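These notes open a run of structures that come right after.
Next, two complexes with chain A in common: one pairs it with chain B, the other with chain C.
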Partner chain A sequence: MTQYGFHFDGTRCTGCKTCMLACKDYHNLSNDVAFRQIYEYGLGEWTQDGDGWTCTTSVYYISEACNHCESPMCFASCAQGAIIKDEETGLVYIDAENCIDCGACAEACPYSIPKRDAENSVYVKCDGCRDRLAEGKQPICVEACPLRALDFGDIEELRSTYGDVSAIAPLADPSQTIPSLVITEPKNALPFDDTTGAILNQVELV
Partner chain B sequence: MVEKAQEKALSRRTFVKGSALAGLGLAAAGGTATLFGCSSNTGGEGEGQQTEAAPEEKIVWTHCAVNCGSTCVLQCHVQDGEIKYIESDNTGDSAMDQPQLRACLRGRSLRRWLQSPDRLNYPMKRVGERGSGEYEQISWDEAIQTIADEMKRIRETYGDEAMTVHYASGVSSGLMGSSVVNRLMNVTGGYLNYYGSYSSAHISAAGTYTYGGGTYGSNFLTLQDGELVVMFGNSPADTRMGGGGHTHDFAWMREAKNLEVINIDPRMTDTTCGQGGEWIPIRPGTDGALCAALAYEIINNGWADEEFLHKYCVGYDEETMPESAKGQNKSYKDYILGTGYDKTPKTPEWAEPITLIPAAKIKELAEKIGTTKPVYICQGYGSQRHSNGEITSRAIMMLPQLVGQIGLPGTTGGRREGKSAFALSSFPAGENPVKTSLPTFMWPDAIRRGEELTALNAGVQNAEKLSSSIKFIWNYAGNTLTNQHSDINLTHDILKDESLCEFIVTSEVFMTDSAKYSDIIIPDLTLQEQYSLSANGYADNMEAIVYGSPVYDPQFERRGIYEVCTEIADKLGVKDEFTDGGKTREDWLRQILDESRETYPELPDWDTGMAQGVWKRTPEATISLQAFIEDPEANPLPTPSGKIEIYSETLAGFADTWELAEDEVISPIPEFDPGFESYVSLTDEYPLLLTGFHYKAHTHSSYANNEIIQTAAHHELWINPVDAEERGIADGDEVRVFNDRGELRIIAKVTPRIIPGTVAMPQGMWHDADMNGDKIDHGGCINTVTIYRPSPLAKANPQHSNICQVAKA
Partner chain C sequence: MIVGVDMAMSELTLVLFTTLAPSGTLAFLLMGVMSYIGRIDSETRSRIDRHLYVPLVVALVGLVMSATHLGNPSNVLYVFARTGYSPLSNEVASAALFLALAGVYWLHSFSRKPALRLRAIWFALICIAGIVFITLIAFAYAADTIVSWNTPYVPTNLWLSALVGGPILALASLRLARAEFVRGKIARIFLIESFIALIANVACMSFQNEALKEVSNELSTAIDLVPFYGVCIVAFALLTAISIAMQWMLDVRDGAFEGAYRRKRMGHDSNALHESGIVALQEFGFEDQEAGSNQRRADCVSRRAFIASVIACILVFTGIFLTRFAFYSMHLTIGLGM
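Then we have the complex of A and B:
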C-alpha cells in the first residue's frame, strides 16, 4: 500500500482560504461544512512605555484537511464500519450509506475533521479527492493554492522531501494517530503542546 | 427492444425498493441519476437509457473580472448549461517560479455568485422613492427608449458636462466593460471626465508632483539576495491575492532571495503572518511623521546620499532650491533639522507620540534603511487613502531619494511595486469632446452645486469651472453611488432629491445598494457569460492573456452591455458610428486580438486561444527610473525641472492660490501634516481612529453578497484587547461603531494584530439600513461612518481617516 498524505508549507501560507473555498466548490459543500479548516494561531502582549507601544504579537496560519492517519481514531470509533481506510491509498473516507449520523467519528478525531452534513444527516470529510486521484490529478485544494503551499503524494516521499514535522500548535499530538501530514513550519511556529498562544479565529471555525 | 428497456426499468425499481429496506442502495444501483431515470421512466420508449447518459461535461475558459487588480483564470466545468465546479490555471509547471494565474478564494467561489437566485433577470423601473429598492419589471423596449429619451433630453437641456459615466470597478478586467458605455457617450456628445480613483488618487497626485507621473515603481523581480524590503501600508497577500497577483511574485522572491521584510501598518497583515519579517505597528495617517524622523536620523548620521540628492533632485537643501524659494529656509533638510518654518527638529522623540512607535525603534529602522544597500522601499495604497494622503505618499517616496536607492537593481522609487507592461490593444472608446475633468471623489458636489466648482476650490482641470451640475449618471457595474463612497447617509439625501440628478441608469447583475438609487436598472451579463479577452492585470511575475468564452447561453432577459448600447445608439441615430459599421462584440474582440498579435506575434489566434484559455510567459525584472539615473541629462523626468522634485514649485503655486480650509495643507515639500479627521481630532466622545482595509472575502463590494465566502471568512471589526477590555467587549460580540455621521453594527475580532487606539474593518460589505427609519447599518458597511470631505491636493477620498466610538451592542 502507498499511504498518501498532504504537505503544508507554513512559510508560504497567508491564510487566504483559497484551498478551503476550492474544496467547497468542488465537493459542493454548504456554508456550514468545510473539509479544510484554516487556523489563525498566535499570541501577543501589548505594553506602552512613554507614548510608544511595543508588542510581542506573533501569528501564523495553518490549513488543515483530513490527515488520513496511519491509525485513524475515527475509523476505530465507528461501530457501523462506515469509515473506510482504503487499502491502496491509505486515504480515509466515510461511506455515507452506512453512516448513522451518530457523531462518534467527529468526537474521536483529535483534529475534529468529520463534520455533520445536516441536510443529509450524515458525517462527511475530506477523502483526498480520491476521484481526482484516480484520474491522476492532485486534490483540488493542492492545485488551488496561489502560493503553492500545499502538496500531496506518497507520504514517504513527502517526508523525504520536506522533513518529518507533523504537528505544530494548535494541531493534536501526532503520536495519537500518526497523521499523514508533513509541515514546513511557519517561521514563528509554536510546538503542538504550546500553552502560550491561542486560536485567534475561533468564531470562524465550523 | 422497448419491452426489454421497460423490463429493465421495472426490475431496477424493484431492486431499489428492496435495497432501501436493507439499508443499501444508491452505490449498487449506479447513482442517483439512474434512480431518477428509473422512477420517471414508466412507459417511455427507451427513455431509461437516455437519462442514464449524463450530459457531456465541457471545459469553458474564462476569468475573474473584479477590481483586485489581477486577472486570474477560471476553468469552468460546465454540464447541461451549469457550472458544476471550477478549476483554475493548472497549465504548465506548478513550481514556485513559474507563472500560474491561480484564482483566489473569490474566483473559486464564482459558481455560486454567477448562478445565484438573487441575480437581476429583467429590466426594471423605479416605482418607490430613490433608495427604497421598489421596482417593477418593464420590457427591454421601454428600458431602451427611456434611457435614450433621457440621454437626449438632459443633454439638450443642460449640456454635455451634465452627463457622466460614474466611477465603477465591478468589471475591471476584460476589454469591453465600461469603455463600451464611454463610447456610446462619446458618439452622442461626450461627458464630464473624472480623474483619480478611489484606489490611488493620492499616490497618483504624489507621483505627478514628485516624478512627473506614475504610481508604480520597479517590479519585485529586481529584488536581490538577502536584501531589505520596507513596505508602508502595503500587503500583497491581502490586496492582490491570486496567483495572477503580486502576492505570488512577492512570496516567490521572498523565498528565493531570502528577503528581510519590514511591514509598517496599523494591522499585522497576512503578508507578515508565518512568513517571517517584522511588523512595525503605526497609528494610521502618521506615516509622514515616521518618514520625517527617519530622515532626521539618516541625515544626522551621515547616511544621506548627498551626491545623489544634488545630482538628481530639487529642494533637498539650500544648494538645490529653485530660485523662487532660495534663501528662505524652505528646503526639506531645513524642515527636518528644525531650521525651517516650524523650527522643530523631526527627531524620533518628536515622532513617537504621533506615530506611537517607540523612538528607539525608529532609530533602529533608520539605521537599517540608512546603511543597507540595496534597499527596496515601497508603499501600497493604504497609507495614502487618508485626509493627508498626497503629502504622506510623497513623504514615503522621499526615503529612497534620501539614501540614493533609486534606479539601481533591487531598488524602487518609494511608490507601489511595479507591474508588467504587457497590454492588449484596447476597445476604442473614442474621443470625448468634453475636456473638463473633475476629481472623481467630488461627484456629489457636482450634483448639488456643480456650477460652483472651480479649478481653485475643487481641482477642476482643463477648465476654470464646471458649466453644469451633473444631471445624468450611467452607473455601469458600480457600487460607488452609495456603498463604496464616503458618508452614505449624506449621499442618500443628495441622490434621493430627483430635482438634482434627474436620471440614473444602472447596469448590474445584483441589486446593490447603489442600484437602489437608479431610475432604470438593466440586467447585465457578467464577463463570464460573454466573450472576453484580458491581459494579466497588476502583476509582475508574468505577461499573460486570458481568453474567455461564454460559460453558458444568456439566461432570463439578461443582455450584454455592448448589445444594449447598440440599441440605444440606434434610437439616437448613431448606431453605425457606435458599431463602426455593424461590428458585434465578438467582431471587436477578434479585431483587437488581431491588432495585439501585430505587437505580440506569439499570441495564439482566436480559436486556439479560446481552446487553450491562457497564454503566458515570465517577464524580465524592471528597474524604475533607471534611464533617468543613468543619464539625467538625456532622459529628464517629465517634471517642470526634469528632476525629482522634493520641492515642487507647482505645489508652492497651488498653496498660494487654491482655496483651502485652515486644516488643509498643500506643501511644496513632503512634510508631515496630520490632516483633518486624524489623531489630532480625537475627542472623549470619539476616542478611536477607524481605518478600512481590503479583505479576502470580497473585492471592494464584489462578491460581498456571496455567502459561501462570507461564512468562511468573517466580516469583523479588529480591536486590540486593550481597547476591547476597556469597553467590556469580547471576541465575537456584536458592537456598535458610530460617530456623528452614522452607526453600523459588526462582530468584534479582539486581536493583538492591531495597534491600540485604532480599530479596523474590511471595506466593501453591503450597506443594510432602514433609510426611512433609524439608518443603522446592519450590513457593516464602513462608509456609513466615513467622511465625505476631499483631501487638499488630489481632492480625493480620505476613507481611512475617521474618528469613532465603539460600544457593545
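Then we have the complex of A and C:
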C-alpha cells in the first residue's frame, strides 16, 4: 500500500485561503462546510519601554485538511463502517451510503475535519480528491496554491524530501493518530504542545 | 464550529438517552430482583413482572430518542457490522441484547404456566446484559483524542447517575405494581443506596469540574465551555435530595398507615378488614361519608402516593439531565476540536 499525504510549506504560505476556496468550489461545499481551513496562529504583545516600544509578536499560518492518518480516530469511532481507509492509497473517505449522521467521527477527530452536510444529513470530509488522483492529477488545493506551498504524494517520498515534522501548534499531538502530513516549519513555528500562542482567526473557522 | 452549549443542544437526544437508559436499565434489574427475594406469592410475582414494562419503556424511550438524532436512520443496521471495534457499535449491540432479553422476559409474565427455572436463568442473563449495557454507555465516550471526555470521571459519573436514578424509578414502578412488601425496610435500603450514590456522584462531578480547569487545547479550556457546570451539580444534588426525601416520607407514611391498619385488624376476623380499613383511613384524615367506599379511598391514597413517586422520578431525571447536558457541552479534543 502507498500511503498518500500532504506536504505543507509554512515558509511559503501567506494565509491567502486560495486552497480553501478552490476546494469549496471544486467540491461544491456550502457555507458551513470546509474540507481545508487556514489557521492563523500568533502570540506576543507590544510593550512601551521608555520612549520606545518593544514587540514580541509573531504569527504564522497553517493550511490544514484531512491528514489521512495512519490510525484515524474518525475511522475508529464510526459505528457504521462508513469511514473507509482505502487499501491502495491510504486515503480516508466517508461512504455516504452507510453514514447515519451520528457525528461520532467529528467528535473524535483531533483536527476537526469531518463536517456535517446539513442538506443531505451526512458527514463529509476531504477525500484527497480521489477522483482527480485516479486521473493522475493532484488534489485541487495543491494545484490552486499560488505560492506552491502544498504538495501531495507518497508520504514516504514526501518525508524523505521535506523531513518528518508532522505537527506544530495549533495541531494535535501526532502520536495519537499518526497523521500523513509533512510540515516545513514556518519561521517562529511553535511546538504542538505550545500554550503561549492562540488561534487568532477563530471567527473564520467552520 | 459547534461549541459548548450549542454542542449539547445539537446532541439533546443523546442527553436524554444517557439520562434515561442507564437508570431505566438499573431500575429494571432492581425491580426484577424483588420478585426473587423472600417468599412472595405468585400473584405478586406476576404483578411485578408485568409492571417491568415501566423501567423498560423508560430505557426504550431513551434508546428511541438517541436514534432520532440520526439524519439517516435507514442505514442504522450497519451499526452491528462494527460490533467489537467501535465503542458506539458495542453500545448499540448491548442495548439491543438487553432490550430483547428484557422484552421476552416481560412477555413471559403473561404466560399461563410460567417456567420458573428458565425464568430465573433468563433473569440472570438480563442482569449481565444490563450491567454490560450501562458500562458500555459509560465508556462510549472514552476516545483518546477527546481530552475532556477521556477521564475516569466520565464513566464513574454515568454509573453513579444510574445508581441514583435506578432505585427511585424502581420504587415508583414497584408502587405501581402494588408490591407492598418492599415498603419499609427494602424501600429504605433503595433510598439510602440512592443517597450514597448521590453524595459520591456530587463529589466525583465536583472533582471533575475542578479538573476541567487544566483541560485545554489551542481553542479553549474545558471549564470555559461549561462555566455553568457547578450550578448543574448543585441543581442535581438538590432535585435528587428532594426526590429521595419525598420517597422516604411516602414510605414513612405508608408504614404508619399500615401499622394503624394492622392494629385495627388485630382481634377481628377477616370480615372486619374493610371496616378496619375505613377506620385506618379516618385516622389519616379521610372522612367516611359513603359506606363501602373504603376501597375507592384506599385507591385514592395509593394514587396520590403514586403521583408523588412519579414526581420524585421527574425530579431526579431532571437533575441527571442537567449534568448530562453539561457533559455534552464540555466536548474538547486535543488539537483543534471543541
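Just so it is clear, the second predicted complex is superposed on the first by the 205 of 206 C-alpha atoms of A that agree within 3 Å, B and C clash if a C-alpha of one lies under 4 Å from a C-alpha of the other, contacts with A are read in each partner's own complex, and residues count from 1 in each chain.
One rule holds in what follows: a contact is a pair of C-beta atoms (placed from the backbone, for glycine too) under 8 Å apart; a residue touches a chain by one contact, two chains touch by 3 or more.
Model, not experiment: these values are computed from the prediction.
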{"item": "Chain C versus chain B on the shared chain A, clash or fit after superposition", "value": "fit"}
{"item": "Which superposed partner A:202 touches (first chain B, second chain C, both, neither)", "value": "both"}
{"item": "Partner chain(s) touched by A:76 [first = chain B, second = chain C, both, neither]", "value": "second"}
{"item": "Chain B versus chain C as contact partner of A:128, first or second or both or neither", "value": "neither"}
{"item": "First (chain B), second (chain C), both or neither touched by A:97", "value": "both"}
{"item": "Winner by number of chain A residues touched, once chain B and chain C are compared", "value": "B"}
{"item": "Partner chain in contact with A:57 - chain B first, chain C second, else both or neither", "value": "first"}
{"item": "Which of chain B and chain C A:187 touches, first, second, both or neither", "value": "first"}
{"item": "Contacts of A:20 with chain B and chain C, given as first, second, both or neither", "value": "first"}
{"item": "Superposition-derived angle with apex at the Cα centre of chain A and sides reaching chain B and chain C, degrees in steps of 10", "value": "130"}
{"item": "Gap in Å between nearest CA atoms once chain C and chain B share a frame through chain A", "value": "5"}
{"item": "Contacts on chain A seen with chain B and repeated with chain C across the two complexes", "value": "97-98, 202"}
{"item": "Contact footprint of chain A on chain B as seen in their complex", "value": "23-27, 85-88, 90, 94-96, 102-106, 108-109, 111-112, 237, 241-243, 245, 247-248, 251, 255, 268, 270-277, 279, 281, 352-353, 355-359, 361, 696, 707-709, 711-714, 720-722, 731-732, 747, 749, 751-753, 755-756"}
{"item": "Residues of chain C touching chain A in the complex", "value": "1, 10-11, 69-73, 75-76, 78-79, 81-82, 85-89, 92, 143-146, 216-219, 331, 333-337"}
{"item": "Of chain A, residues touching chain B in the complex", "value": "10-18, 20-22, 24-26, 28, 31-32, 34, 40, 42-46, 48-57, 59-61, 97-98, 140, 143-148, 186-189, 200-204"}
{"item": "For the chain A and chain C complex, residues of the former touching the latter", "value": "39, 41, 64, 73, 76-82, 97-104, 106-112, 120-122, 169-173, 176-177, 192, 195, 197-199, 202, 205-206"}
